[in-house]
Amino acid sequence: MFNRVLRQLLYAAALILAVLVLNFLLIQLAPGDPAQVIAGEMGGANEEVMAAIRQQYGLDKPLLTQLGLYLGRALQGDLGMSYFYNRPVTELILSRLGPTLLLVAAALGFAMIVGTRLGLLAARNPRGLSSAAVTVLALVGYSAPVFWTGLMLVILFAAKIPLFPVAGMIDVVKQGGPLMRALDIAHHLVLPALTLGLVYLAQYSRLTRASMLEVLGADYIRTARAKGVSERRVLNHHAFRNALLPVVTVAGMQFGAIISGAVLVETVFSWPGLGTLAFQSILARDYPTVLGILFFSTLIVIIANLLTDFVSRLLDPRLAGGR
Amino acid sequence: MVEPVLDIRNLKVDFATRNGVAHVLDDISFTVEPGELLGIVGESGCGKSMTALSILGLIPSPPGKIVGGSINFQGRDLTKLSQAEMRKIRGGDIAMIFQEPMTSLNPVFTCGEQIAEAVRLHQGVSPKAARARAVEMLRAVGIPEPEMRADAYPHQLSGGMRQRVMIAMALSCEPKLLIADEPTTALDVTVQAQIFGLLDDLRRRTGTAIILITHDMGAIAEMADKVAVMYAGRVIERGPADAVLDDPGHPYTRGLLASIPRIDADPDADLPEIPGIVPALTDLGRGCAFEPRCKLAVDRCRLAQPPHFPMSSDHSAACIHLEGRVIPA
Amino acid sequence: MVAITTVSTPTPTPAPAARGPMAEAWGIFRRSPAAMLGLVILILVTLMTVAGPFLYPVDAFEIVWAPLTPPGQEANIPLGTDNLGRDTLAGLIAGGRATLAVGFAAAAITMVIGVVIGSYAGFYGGGVDNLLMRFTEFFQVLPPLLFAMVVVTLFQPTLVNVALAIGVVSWPQTARLTRSEFRRIRTLEYVSAMRAIGASNSHVIWRVILPNALPPLIVSATLTIGMAILFEAGLSFLGLSDPNVMSWGLMIGSGRQYLLDAWWVVTLPGLMIFLTVLGVSLVGDGLNDAFNPRMRER
């Protein structure tokens, strides 16, 4: 048990190290002078700054020394300086991390809860209307580009039904205490979370349906029925938890894709998270920030994978070991 | 005479299939008395399991449907009960254990939880009392350290242990009737004997009637009071176990008995098998369903389903060769 | 365009005497209304991008009329104009070409990388498998769009680079699928037989196992095309694709500021992406059912 956790953590650490090496290589492989790349093409790089960068990154030293310097600083949390925002990259990213995590968590929670419930509903009657609806929803949800769905919602809610704000995270004009602030953020969160969540809701509902249909054919479901368990409890208690397993596994594997979706959704709704920051810093050629975001989002994916593994073990005692 | 626990009369079950309607159960009749062990034997696909599922009201529907007959259990016709009423009987008065102990327990709940659930459903006791009952039942079926095993997940137990858990679950609500559908097929031979021994012992102690579905004629010989032999959805022979085993009336029963391996037989000799396969239930002809495989078949066998001919007061078989046989007094 | 035919129409005229598995699959595919609808959508979209320039010869970048002219207002500009006065229909036709080309190319790159890595991992097992799978897992933790964004900006946003970037971030799933298929097939008797008569490893991998692993890989390739199209659309929506080539995503990206005044500028190209990916998904589902008739009930 302890050994397994340790092994997983070591593996995660190796992955993190590999991402840092990749970041370093990307700067080296990019066409042009690395100092120029680091300073950013629009960062107003005068000779003084360039010299400082060469000094700090040891660009006149051998490649391996440069890598060592880079890793050493990165492991201390120093991902360099954004010359566009004129702030340390780590500080800049940490200030934007919260909104992205909030958006992803809200979207994922919405997709998980509603998606699995829809799948359950559809599995009750595999040839019925609700089943067909879930199949169609899954196809539509998969096929519509997420940014386009977002824009369609903007058209709908900006003009036709002005129920929810279509841009930003906080209404600057509004005053009030922390509760008002939280409500305001939740209000702004509705459309972005809905947009991002719909894609995964569609997939999870389809997956849950298929998984439920498979589980309902299992011998232990017949056992449950034979001991007099009501059909409702058979579905919700005996079958559902078993059917959730593949859904959780897939959700964990998709985490990178969800972060990618968040980049697009944040851009559509001007949500002040990592995605908009990534977009802006790419336009500004602010590579230290861009690579810092790549690093942090990979970190999120790695942590999410560890969590998924943990949840799977909670759901399925067979994975928990201890035979 | 004792009132039977279960009295099935002329039960008919149809399945709608792509190739037409299959009569999976055709005119099934038998009774089980309290404390009695009825063995139902036959090859796979003959309707043994379907009979069990019909009693519990668990035939998959669609495509299955009870189209005739009655299942009287303690004076009530189960075919007429609502789903809610059937649920009270299932696991309460009638319990069932299945063929595959490896897959018949839910992998995500502990054994104790699964037994306790049955207890709570039928006896409405507190979770604590249900748990205590679960531990007590695990002890009763011979599981060592039952307090610990109650917290074990199914995958942590061996196949034999899991089947014991299934039996504990089935017996936890003191059923009047226990249906055991090939409870030992998936187990090692030594474990098989233990499970059969356990069932026999429990029946003697609690007076629960048992329907044992099996193709193990040895187990029948050892434990059964009565036997019903099924073929292609029909009971083709029934009677006291001794009578059926000593003097089988139907050629099919004789074939089944001949296929039991004997300890004194030449180990290299092939077991005699009944040639041919069980016919598809959608294209049964008018005549005896066993006729295509029967060594004794004559033209007359193809004309009509043979009725049951009595061989003694409580032993009968459906073969025309028995017609006119004199019943011993 | 070639890819469409190879993916969806294996021998449309099956000889009744010797129906191969492909012909049988086509027989099932043909009877599925959803799959045929997908195929029809794909054929229509392809026709539009291929034949469109001849039937509607308007330059997508040329300013033809007043900006933001609504559809239907001018008879010769059926779908209106964008914020720069460029013809929307011409944009849809030209954009489809880029979107489909990048989508198919990226899917091809994805399949090649994924199949090669997955085959070697699955065939050799052991240390090779371990190494390749760790490599695959590394690529799986990179958020694909962010990584592609970085690659495209660092190395110039040409169509080729966009396709490469998408391929480089998308292959891990294909590799995993290929690996599991190879591990399954590797143990089958005919493979052992081939190895027993001394066939070389590469012969066994490419000539014996791969053909037998094709059905799930074809399905996966189809779905990969859909994913790559969405991916390309996302990149060009962000303005990170080639700015000199019209694409559906680019049309949405540059039109989104005028969203509330000119719905058609973002709605129509989005609809095209949606329809195309829907077509691909329907064909993919149809192929999946056709190759696994047992699973059709699900």
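By written order: A, B and C. Residues from 1 in each chain.
The rule we apply is simple: contacts are C-beta pairs under 8 Å (C-beta built on N, C-alpha and C of every residue); 3 or more make two chains touch, one makes a residue touch a chain.
Note that the structure is a prediction, hence the values are computed from the model and not measured.
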Maximum inter-chain contact count - chain pair: A-C
Chain separated most widely from chain A, comparing mean CA positions: B
Whole-Å gap separating chain B and chain C, where each centre is the average of the chain's CA atoms: 55
Gap in Å, rounded to a whole number, between the CA centres of chain B and chain A: 54
Rounded Å distance, chain A centre to chain C centre (Cα mean): 23
Junction residues of chain C - those touching two or more other chains: none
Touching two or more other chains - residue numbers and ranges from chain A: none
Residue ranges of chain A touching chain B (in the complex, touch as defined): 218-220, 222-231, 238, 241-242, 315-318, 322-323
For the chain B and chain A complex, residues of the former touching the latter: 56, 58, 83, 87-92, 95-96, 98, 100, 103-108, 117-118, 121-122, 153, 155-156, 166, 169-170
Chain C - residues contacting chain A, complex: 137-138, 140-147, 149-151, 153-156, 226, 230, 233-234, 237-240, 249, 252, 256, 259-260, 263, 266-267, 270, 273-275, 277-278, 281-282, 285, 297-298
Sites on chain A touched by chain C in the complex: 15, 18-19, 22, 26, 29-31, 37, 126, 139-140, 142-148, 151-152, 154-155, 158-159, 210, 213-214, 253, 256-257, 259-261, 263-264, 267-268, 278-279, 282-283, 285, 287, 290-291, 293-294, 297-298, 301-302, 305
